[in-house]
């Protein structure tokens, strides 16, 4: 049997990176990002990348590593704060950012993976987001046409996975990962734990293995927390 | 003379109803979570993929896989469910969230909202705000009535790039509360903060509004 | 606290049925159908219903009960075989059937629930399904515009549910139920088992409670099997 | 003189490749599951919401909640996953299924397929067939070469209402195998069933085809 299992991120990315490709990368902020794959993407040195993701890391973390290594030409994201290099490059015109409303971005990726080339949404009507896009009334309300997104490779972070590529995510680390898994021409998943095939309850699987072409167990997760908020313990 | 942030949040919280599913934006709207009336069941939605957000964790119990849309560490509740961003915005866009309370830079008398960018300044992005105002059934904006410069933020029409056109139902400022008809029926002043007079509002408001004070 | 819990199907449907309404009903064939709600819908006597479902029951079972009681005016479905009454009424022009490709039907319901008024699909291009619909090229391929579907009420069958409306489905009984749960102006779910709030792992929930307005525990499930296929046990 | 149903299924099975995700239609295509080459991993998709369909259950172990798209009771395998109909057709429409093998009433030389209705007869519906032929990367149709009346089912153009236009890549009949270019490049005869001659095919085929027999 051909195996989807790879020993590490570098091997899992081998042969897939090249200058100018489009890369989807899961995560919301630094939550649920494919840390190992991002590092391997940086180490690949591939240039002029288009990155599709809700964010582009934040200072010193996540996709910032690839950005700081001058590998990114264009970004599709909904929010890029807390990222000084990106700010300065964007203001200097060195990098292109296409801002997408977060739900539109999520739906565009879901559509791309599901073979839907375009759909209509109320989101963004009457705003800069609708400029240059077709608008149209349905049920008396104006809508904007948005198109599906796919990528040359999709980098996905899951909690547990098995050798056929079935994945489960954990808590809010799920976010954009499931849709991106469907929208990569090649989808590479890193997991915290590899479980034996058959150990998942098949009703619990979030991403069926059909969407995952390569899989490996990630290492040394830092899981940096952007805003550590806590409450005081009630005294007895 | 004017409401505090906490008082603005408390006024916004009066829009909550039993059984509501609610999305709270960053800033003052976050404070609404602290003033949900006792005995009222309100489920908080976080657009990064969670229904039923709980309080901040105890120190030492933070979980990097469990954050809200403001990227703060939070906790789950017994009724919590997790889902993807696509499913999360399906809830928003499909009209399943009853109430969205969010901050604003400018609101117009026709219910336009600007809260995501200032030309010439760094654009951080709109995040989920455009989806929320376009999809949620009732949108409440909480913001200061005026800029520090004194300029009214409640305007005849927004001068900043819009987040949504005709999307605001209620505006809570530190001075007053306005109902806005998204369908072009205009704005109505319905409440004043303690010690604020109609003359104050008239002096500090660029928008046209009907006075409907009790 | 307002409760979503009802004692049975009749109470859960009370006040929601009326002549001429549109009803979504989950299931694929007889698998995963809301048996109790279908019976209660029949007993309600509401007429001129539009039924949205993959099928309309089969002889003596499922939505056939409502059909046989002369309550249905129009059907949106992908397959209506094994249903003699429907056949004869359709051939006699007594009932209208709008045939939808199964995937288009599923996506239309998903779109309706997710606030997407219309989308494009390759499915059906050049066929009778595309007649009267807008067609359009994306990426050099012809597509058909399809619209989102919602319903006055959605009748959903789940395996387990809790008092806030969180649902889990079992095996292939999931099928159309999750999308329909999102697309009903009022969604009523019947479950085989009510579990305490907090007993679901929140990563396993298929339908978050936000989509469910009313819930009850169903009784006397027949779970009729349309095609009982088995294999011989290997001899030792 | 002509292939049996089993032989047609075996020929279709030669289109399988290691690691493929495959959807099998009702009828002869179902038989392909019995002739998957030993040692080859092929995952069967059932469009009602399952990847990794297993064999029929032992008598007494049928589960009404576990059926395939033909509504037959089946079993699950260690790698099985379940999902909704929307997700299932997302797999199909999104091009994630490698191969669809399905039956046909008529196929045209340009790859049109008709297999869902006959005017004047009861229309049962297209089920998932239109989605499969529109979405799956490679579509193989398995059908008898002729009607019982002797009329060719492989035609210059279909006379029955279409399931899809320009969607068939390979046609396996009881007499021969044809490759079809969806992009208008025409049909090519590539194999004959044992004992069948080119003259037989020419006599029994309405479609124009290029003879590419080895």
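Order as written gives the chain letters A, B, C and D; numbering starts at 1 within each chain.
What we mean here is this: a residue touches a chain if its C-beta (ideal position, glycine included) is under 8 Å from a C-beta of that chain, and two chains touch if they have at least 3 such contacts.
Since the model is a prediction, treat every value here as computed from it, not as a measurement.
Taken together, chain C and chain D share the touching chains A. Ranking B-C and A-B by contacting C-beta pairs places A-B first.
Here the spacing of chain A and chain D, counted between their Cα centres, is 36 Å. Each chain gets one centre point, the mean of its Cα atoms, and the points for chain A and chain B are 28 Å apart. Our note on geometry: chain A versus chain C, Cα centroid distance of 32 Å, whole angstroms. Shared interface positions of chain B, defined as residues touching 2 or more other chains, are 76, 82-83, 89-90, 92-93, 135. In chain A, the residues touching two or more other chains are 107, 110, 114-116, 121-122, 169-171, 174, 202-203, 206.
A complete list of chain pairs in contact reads A-B, A-C, A-D, B-C, C-D. Within the complex formed with chain C, the residues of chain A that make contact are 107, 111, 114-122, 138-139, 141, 143, 147, 168-171, 174, 201-204, 206. Of all residues in chain C, only 1-2, 110, 112-116, 162, 164, 166, 182-183, 197-198, 200, 202-203, 205, 208-211 touch chain B in the complex they form. Against chain D, in their complex, chain C makes its touches with residues 28-32, 54, 77-81, 87, 90-91, 97, 99, 101-104, 106-107, 109-110, 121-129, 159, 169-179, 206, 223-233. Across the complex, chain D meets chain C through its residues 46-50, 55-74, 76, 82-86, 88-90, 92-93, 112, 122-131, 134-135, 161-166. Those residues of chain D that touch chain A in the complex are listed here as 18-19, 21, 39, 41, 43, 45, 51-52, 76, 78-83, 87, 89-97, 135.
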